[in-house]
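Sharing a structure, written as structure tokens. Questions coming.
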Amino acid sequence: MANTLLSLAEKTFIVHGVDDNYRTDGRNRSEYRPMEVETKVLPHTSGSARLRLANTDILVGVKAEVDTPYPDNPNEGKLEFFVDCSANATPAFEGKGGDNLGTEISNTLTLAYQSSHVLDLTTLCILPQQKCWKLYVDVLILQCDGNLFDAVALAVKAALYSAQIPKVTTATLDGGKADIQLSDDPFDCVKLDVGSFPVLVTLCKNFTFIQIGENCVVDPTSEEEECSAASIVVAVMPNGRITSVVKTGYGSLQPSTLVKTLELAKDIGIKLNAGIMNALKEEDELGSQREIFGFLK
Amino acid sequence: MQNQLETTEEEECVLRPMNCELNQLSRPDGSAMFMQGDTVVVAGVYGPIEAKLQKMMHDRATVETMFSPAKGPPCVDDRAKETVIRETCEAVLLTALHPGMAISINVQELQDSGGLLACAINAACLALIISSISMKFTVAAVSCMIDRESGKLIVDPDSTQIQQARVTFTYVFEGIKKDLVSCHTTGRFSENELMESLEKCRAASQNIFDFYRNIVEQYAIKL
Amino acid sequence: MASQYKTIHPVKYLRDYLAQDIRPDGREFLRFRSASVNVGAISQADSSAIFKIGSTTVVCGIKAELAAPKADTPNCGYLIPNVELSPLCSPKFRPGPPSDQAQVASKTIDDILINSSALDLTDLCVCIDKLVWVLYCDLICIDYDGSVTDACLGALVAALKSLTLPEVQHNPETGAIVVDTSDRKPFPLKSLPVSTTFAIFDEQLLLADPTDEEESLAKGKLCLVIDGPELCGLYKPGGIPISQELLSKSLEKSKKRADLIRKVIEAAVTN
Amino acid sequence: MSGQDLVSDQGLRVDGRRANELRQIRVRMGVFGQSDGSAYLEQGNTKVLAAVYGPHQPRGGGRGGNRSGTGIINCQYSMAVFSFSAGERKKRPRGDRKTQETSLQLRRAIEAIVQVELYPRSQIDVFVEVLQSDGSDYCAAVNAATLALIDAGIPIKDYSVGCTATIASMGASEEVDSKDETGSGTGIVDANHMEECTGATTLTVVALPGAPGSNYESDTDNSGLVVVAQGTGARLHLSRLEGLRQRALQGCRDTRVILDQAVRFHLTTHDPHFI
Amino acid sequence: MPFDQKRINGPEVSVPYSVYTDVNKSKSSKPKKSLHKRVDGREHKDLRKIFVKTGVISQAKGSAYIEVGITKVVCSVFDPREIPNKNEYSLQGELFCEFKYAPFACAKRRIHQQDAEEKEFSLVMQRSLEPAVCRQEFPNFQVDVYALVLDNGGSSLAAAIMCASLALADASVPMFGLVTAVSAGFYKDTMFLDLTVEEEVLCNSAPAKPNPPNNHGLIMQAALPQHDQISEFFLVGSINIDCIKQAIETLTVANKNICPVVQQCLVKTVLRALKRKEQEKN
């Protein structure tokens, strides 16, 4: 993201490469770059994860707080996404510079998690109309090298996977006032069922001034993003259902292309979901004594 | 420097005693602290100064006004007062003399015991006189009310009297023909009541103009 | 040609017209534009009105909600009028918090309503010290072409006049509230204030019901609020001084105008 | 815990440290590939990331750019919304008064060591992100920023090192205890969040401690200069200030040694051309 | 409600009276009814009647008004102005869209400031319209588009997009073609076109039995029907891919069907403008 300036010739080079299914970093169109994920990097949060996708670096912290439910949905808890684009990623994000991008990503996440198929908010309710859990999912973007949406969604899923919400031992209504007690034992906690949490798949349609074919690439680098007129961000659940579709960029698509793109997104999304779950399970197997590297590695 | 002049009883005047201190503030180009009874307002004028790019007008000066209430941040009510003060001052000033410039008038309420708007306008007018910006005419503001029970017309009421008011009027007159510059009312009233109050206030405004003259004279002598 | 002339020299353009004793839109000096009102067009609001004066358009929508009253006025409801001069209605306005102009307009409308005593806030009381109605009256200007205060007040009064409120059963002991939406009662409006705006030009020239173009070039503005035989507001925020005759003339004109507007609103509401 | 017992009778603090003992400092330089310089620093549980961009052409041409003969240092201090250790969540990462003030203080600390006159018409950006806050955040930020500057290869005069010294507040009338026998001042260094919250007086010092061995007291030398000093908490008797200052300066010198080692280690392992 | 210095403020807490009515109880019977036949008597794939008009705001460069069923939206477009707070030269002009519900437009009162949903819809509007506007014609300038929903009877985003495209055309902003937009919703296996508010609420909530998972969700598709291009596709919910394919097909046809209505309106606008020009000449 930092200072991506491309000439027309460079753009044409990238686009032609994509057409021949050979990208500047040697990948083919539907290949992801290497990823690294580590959970529980922030011991003071309920759940956290750091994900690196090439140079894109995402840190997610989840905090659970006790709150009162909305009057219109008294049986539901709350889930809130906040994306902060740190100036560490690029000086352009200084001050309020990253706010627009941050809002766009957090909105997309909100849409992706909106359906009750994904996360049944009633499970976050403690006492109807009185108390519920509010999950703050705070994303910090430390470095961008393209494909923020996918990286953020993966990191969020990993962080939510690692999240531990304290168990509520007693919840009683005492004269209209709620009285709840949380378990004192820090290991006595509830984990979220991430089985149906979606990931985002960004399919970037590359063309500069001359439209070439209808090929799209997954996991675009920031250079490839620069050449794209339109991207489709699709939220795919592990079972292949789609929970949100958002188009970004200024271009338009033909209906047939859109259908193809969505099908491709579904296939990739299923694989990606499986991949991240595998990685997380592997990490789990290392046990609770594993060393946490964080940024020291 | 302190200038004092109180309206005497024999005029059977209707206005509360007035008191004024001129150019007490060092930063503004002209300032006045004006008291009418217990109502106290400070006004300061800066200008003509360079205008902000967005507000600049090529054919005349922009007039900016800030009205700050005694406590708390300004709200919608204060914005309305601010507008009356600004538009009145705009009518007073020869804005065409300073194209592309800005004249900024800051009014701070110190205490309100009735007739705040009138007092603020008078203070602003005095500050403008002292700042020696060219003016078309001077203005004087007079407030009055009609009592709820007796139906009596009271000029320049204080805050306890206003509690009993059915109607209140605030008029601003110019100094030459005593024509009406600004007007603000609250409550329901008939046409006759309007005309009657207008006449009474017009007559009373002469006191304020006299006060201006006296105080500025004293100020000039002391200089 | 005319439009270029207007852009380059707006002041002279208008002055040329006025010198010919006519206004740019073909009206005489003291002629008003036609006014129309449409009531109840918005299905989601409790009551609504669209008021047009010439091309100036204001939409008023009222939403009624329930709340606890203020401690010092336990038997009074709330009426919250807010004027929105959004960037939609004129290039003069920018997105963001309300401009000074919008704030002053809100305040003026609020003042007029209180001064005219057109509505009794105690009529909004459901249960003393416990529950009262809050009427959120949002006035949105759709087209800003002068005399917006007049249009706002017209829209608000028309909307209030057609407002009905559902019956509320409040049990003071348990605090239980039941609202019966099938049984709606009209809200009593005691009077019908009408405001009229005039623009004042040099040499005591009075223009009734100015357009935005005239308003922005005028040397002063005068706004009279008439309610039946009485006045409930006379607003002249600065501008060039006016003589006594001018005041009397505008008073007379605005009385006639008020009668007409009142008829228009009443006709629209009874239909 | 009351303000009186920051140090127990056995001479130990809440986390088991001695009064003049720093928390464990762990450092990694060059964590980011895209910035010109970056560093990650842990001081106990306080974790900070710093990135440096520049020197480059100043942005924001609207403000007239930088026509002066010296470079501008532009700093932003921001705290991740999840950075607070104790339960609550921060509303906004930056833009509030406290972070803005800290940004300004950070700039002062950086301006003291960068030779701005080498970079006319240019700008150097220093961004610091606090990932976890557990006391002495500002000092950690200064230390991390210094390391990031070194990583970016920007010539500096000395390490700019921050350290806090905290002393329990006492009644004004109470007799001032004389200097510690060791002569290294009074109070505890590098307070953590718990210790900061006791209502004790904290002196935050940013200093250029100079290389070990150089005499910090001599006025001819730049070393030992205090760049930023800030006191918070309860009032302090003037006579106790010197002891507190000494303690904080000693902390700075100790920190400098650790940072210096880390830099040398980084350069020898990552840059074969070094030495 | 937070205190706003620049507005007249009401009480801190107030509750819409609909909370206390008994209507909520009868809600459960609704879905079954509308699954077979819709409340307003339409077939599942029928659109509501559309009324469009241009030139409704005298002060704007271009403006339009649209009514879809009871949904009412006004939109205005202003002269290009320099992009505020921008230093570099931008080769392509920009489109600034603001989508706002009037405070009284929805069942629940809205606050005056834009909320998250409105901001999101503003972005969707911008993305739908951008492909249709020849932005290279006004480099370094920005065209402001404001849409205001006066009455929300469902599908107000789609209505706003169409309205905005008409307003842009009315303002003589160079465009590649008109933008139309249609919304669709899924509940179980039923697809509705051109949703009402009740149907929007229904499609937003997941059907009771999650196993096997049932479809539910909303789709909004904006298109340039003259060029057979989709300019924006906005989906929320949980829908399987086959149903989405089916929806894209149906929506593409629906968009093509709406196009003549909008075109007709533009023809009228042009004729009116020509007439006015002639009058000015005489």
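General observations
Should a chain be cited, it is by its letter among A, B, C, D and E, assigned in written order, with residues numbered from 1 in that chain.
By definition in this document, contacts are C-beta pairs under 8 Å (C-beta built on N, C-alpha and C of every residue); 3 or more make two chains touch, one makes a residue touch a chain.
Source: prediction; values computed, not measured.
The minimum number of touch steps separating chain B from chain E is 1. Common neighbours of chain C and chain E under the contact definition above: B.
Among the chains, the centre nearest to the mean of all shown protein C-alpha atoms is found for E. Put simply, the chain farthest from chain A by mean CA position is B.
Remark: chain B and chain D have CA centroids separated by 56 Å (rounded to whole angstrom). Centroids of chain A and chain C (each the mean of its C-alpha atoms) stand 49 Å apart. Once the centre of each chain is set as its mean CA position, chain A and chain D turn out to be 34 Å apart. The centroid of the Cα atoms in chain D and the matching centroid in chain E are 53 Å apart. Looking at chain E, one finds that residues 6-8, 15 touch two or more other chains. Shared interface positions of chain C, i.e. residues touching 2 or more other chains, are given as 103, 106-107.
Contacts with at least two other chains are made by residues 59 of chain D. If you check the complex, the residues on chain C that touch chain E are 2, 41-45, 48, 55, 57, 59, 61-70, 78, 80-82, 84, 86-91, 95, 97-98, 102-103, 106-107, 110, 134, 136, 138, 140, 142-145, 166, 168, 177-181, 212.
Of all residues in chain E, those touching chain A in their complex are 15, 19, 92, 108, 116, 119-120, 123, 127, 130-132, 135, 204-206, 210, 213, 216-217, 219, 224, 227-241, 244-245, 248-249, 252. For chain A in complex with chain D, the residues that touch the partner chain are 1-2, 42-45, 48, 55, 57, 59, 61-63, 65, 82, 84, 86-91, 94-96, 136, 138, 140, 142-145, 294-297.
On the side of chain C, the complex with chain B involves touching residues 100, 103-104, 106-108, 111, 114-117, 220, 227, 229-244, 247, 251. Those residues of chain B that touch chain C in the shared complex are 76-77, 79-80, 82-84, 86-91, 169, 172-174, 177, 179-191, 194, 198.
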